[in-house]
Amino acid sequence: MAQRAALRRKQTTFRWVVVGLVMAFFALPMVAAFEFTIRARGAEGGYDAKTWQTLLDFGTLAESYPDLAKGIVASLLLAVVTVVIMLVLLVPTMTWVRLRLPGMSRLVEFICLLPLTVPAIVLVVGLTPVYAWVIYLLSGATVWLSFAYVILVLPYAYRALDAGLRAIDVKTLSEAARSLGASWFTVMWRVVLPNLRTAVLSASFLSVALVLGEFTIANLFAYKNLQVAMYLLGKSDSKISVAVGLAALAFAFIILFAMSFVGSRRERKS
Amino acid sequence: MAELASPAPSPDPGPGAGRPRRRALGRLRPSGALAGLVPFFVYTTIFLIIPTLVVVVGAFLGPDGRPSLGSLAALGQPGFLKALTQSILLSAATAIGGAVVGALLAYAVSTAPKDGLLKRFVTSVCGVLAQFGGVALAFAFMASFGLGGLLVGWAKVVGLDLGSGIWLYQWDKGLMLVYLYFQIPLMLIVFLPAVEGLRPQWREASETLGGTTWTYWRRVAGPILMPPFVGATLLLFTNAFSAYATAAALVSQGSPLVPLQIASTFSSEVILGQENVGKAMAFSMVVVVAIVMALYTWIDKRASRWMQR
Amino acid sequence: MTTTAASSPGGVTGPGVAVELTELTRVYAGGVRALDGLTLHMAPGEFIALLGPSGCGKTTALRCLAGLEDPDSGSVVVGGRDLTHVPTNKRDMGMVFQAYSLFPHMTARQNVEFGLELRKQDKATRAKRAADMLDLVGLSKQADRFAHQMSGGQQQRVALARALAIEPQVLLLDEPLSALDAKVRTQLRDEIRRIQLEVGTTTLFVTHDQEEALAVADRVGVMNAGRLEQLAAPAELYSAPVSEFVADFVGVTNRVRAEVGDDGAHVWGGVVPLLPGSAGRGAAVLLVRPEAVVIEGGEANATVVSSSFLGGHGKVVTTTDDGDRVVVQVSNAEVTAHAPGDRVRLRPRGDRALAVAP
């Protein structure tokens, strides 16, 4: 009788076995790395939480590991600036293309997805002369790395925003707003953006996660962001650098996990 | 750049110069509408198009800045060829391994309830590892398999002697293992939508027509999933091929992979004139990635045609 | 579409087989009783439509017959064989799903041939049979198209051809028309009936659209809360509903205050004979069809609210002096005669009706 039930049971077993095995595979080095960070210093062994205490107390951290603290601050600032530039650049452009220049959508999409074809390491090579000018015109401050980071997050942000724009009828919405006397700015700010909230949020979250994890460009241009500081610290104090790495991974996980709830609240019809 | 940045002059200035400024939607001259895209095009030109052109053009310039194939010829050096081969092998192996395991994981996750915690959890974990791993992942491995690492001890318990841990820093052993930690997750993220696109009606239709579970997989689900599977594997290949952070953090001696080779021409005391060799190497990477991505796009189009509503 | 109806294509199933669903019960996790002792017997070659609101268990019943769902108790017997524990792929059921059931990577022809391949038929036989089936549903020219190259209606035709190709014992149609637009729906509905009569396969058709059910089926079963409320020929279902639920679900019904006496229900000065199962003496609500009410001259007892054309006939909406809203079906000529606010007299035509407790 229960052949359906048997199939479902089989699927459930398969699911838990596969998910369990793969998750265990993923967890192994994390667990081992965690164990490494709580090992007590000194010959007699044992465990303590000193590394994590240092990490959680930003004051001490800034004192004992000034570069790391600077790196964390720099990365957070980079994340914010990157998100702002990305949104200011993409949201109006993509909305505008949908409203007025549907013929350009292919070109814009091509450009936005192009960074998938250009590895970060290649981008670094090509950006060298560009950044010579950035340093000359602006300054050598780390925050200008955001310009390059916007390019890195472009494909992901584009896809997130594109999905959001697909779900609403921008054209009708803005025609309605225009017919009621709204300016283009009002259309953008009061009509389009509120309807894109979820897409904007997920594009921003993705960008933050990517920026916090970025290493290649910062390292090769000799800027110190979180990842680079961690990398350099790894050579002198491996415990704290491993702990920072784990904390960063955990932080990114929390961001993405939270995002999965935000996104599904307004599921669009497929 | 100039022609992209400034809106093309309108062939027809339009009779509406004296009209009220507010117009109905769609009445603006095309050039006016195009002006809205100027910031985007200027930005991407400076930070994306120009760098790409720098690499492409630079690859065909000699040390003196004149057109030359010398830089490209430098790619024929055994050192670079070895790195290229190893890069391709590493990427291919981890792409295939990651694709197989990731596909299984994706199918397993797809059988879970749609908005359940399990799905959210696994997708988030994979999102982190796929996009964010890099240096942190490399460090986690060094801590686990380094001197006195926990996993070395555990491996000993099951009778595996991991020795000195040198293997962790070799491209065809440790690096391959570490790469799987972002390849499998990426596969899940890329492949899950395809698996979830399988409609229950297809299984049921196959069954009512007399098919077994095996028939369903061999004749229906398998062929439907093949294009997205191949496409995702290609994507994984380019992902591994482009990866730099993990390799840089793990490998401290030599440059066994192309990204490391590029980085070395870039950061160390460059012999004068070597910088265009770096561009040539970067160019070769772009070529490989572009070929694979073109293939991917072609396959993806085929696949999404089937998946249409 | 004109097919050579006389020469039944490719030697389709002869007379169909009998189906007996007995005391089927299915309780979902969470305690929902999708089927609550459903018993349904189908005669060989019969076309039965299961009709009911969503969640009434009609689809569950069909899926139990297909073997896609296991009943918790009860039995499924087809052609004298107990199939209750037989897996779906050994049941020989042709099934057409709501939508999107065509294999997307196969052409129409390959879809139709799929079941035949599984039955190890040789290539020539398969090709012949597939061609015949596509011809039967009028899609010979689209044989090499993929699902995404066909309209929704065409996809459902291919699905029907695929289901019929294996000469199934029973044809199962799970709301096959619900995803189509109105015009295609009626067209395909009539075609399904034509094809079913031609091949003679016993057919179970599940739908929530009463018009569809009444139009195609030999008998219609109205389901409610996991049980069969009434199983009858369409005309009987309409004119002699056994319960308020059936009367409400099938067709339009006026609810009118009435007084039940020995000779029937008294309403608007007339007497209406009662259907079996009606309420006993005393105040009651009478369920009257719009065409069973007549507007005539005389002492007015109602006021016209609106009147409208509906194509072939018209309707007048009135409010009686008792406060009941009554829809009356009238001829087109009568529509213009009744303006809103007019006082009219309503009279029962005298058709048998169901009286229920108020």
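Letters A, B and C mark the chains as written, and numbering starts fresh at 1 in each.
Simple rule for what comes next: a contact is a pair of C-beta atoms (placed from the backbone, for glycine too) under 8 Å apart; a residue touches a chain by one contact, two chains touch by 3 or more.
On a predicted model such as this, the values are computed, not experimentally measured, just so you know.
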item	value
Greatest separation from chain A - chain, by CA centre	C
Chain pair showing more contacts of the two, B-C and A-C	B-C
Where chain A and chain B are represented by their mean Cα positions, the distance between them in whole Å	15
Whole-Å gap between the CA centroids of chain A and chain C	54
Per-residue multi-chain contacts in chain A, two or more chains	none
Where chain B touches two or more other chains at once, by residue number	309
Where chain C touches two or more other chains, by residue	67-68, 87
Residues of chain B that touch chain A when the two form their complex	24-26, 28, 30, 33-34, 36-37, 39-40, 43-44, 46-55, 58, 101, 104-105, 107-109, 111-112, 115, 118, 120-125, 127-129, 131-137, 139-146, 149-151, 154, 181, 184-185, 213, 238, 241-242, 244-245, 248-249, 259, 262-263, 266-267, 278-279, 282-283, 285-286, 289-290, 293, 309
Chain B-facing residues of chain A, complex	7, 11-12, 14-15, 17-19, 22-23, 25-26, 28-33, 35-37, 89-90, 92-93, 96-97, 99-101, 104, 108, 111, 114-130, 147-148, 150-151, 154, 174-175, 178, 206, 209-210, 212-213, 215-216, 219-220, 222, 227, 230-231, 234, 238, 241-242, 244-246, 248-249, 252-253, 256-257, 259-261, 264, 270
Of all residues in chain A, those that touch chain C in their complex	1-5
Residues of chain C defined as touching chain B within the complex	66-68, 87-95, 97-105, 114-115, 118-119, 146, 148, 159, 162-163, 166, 172
Complex contacts: residues of chain C adjacent to chain A	67-71, 84-85, 87
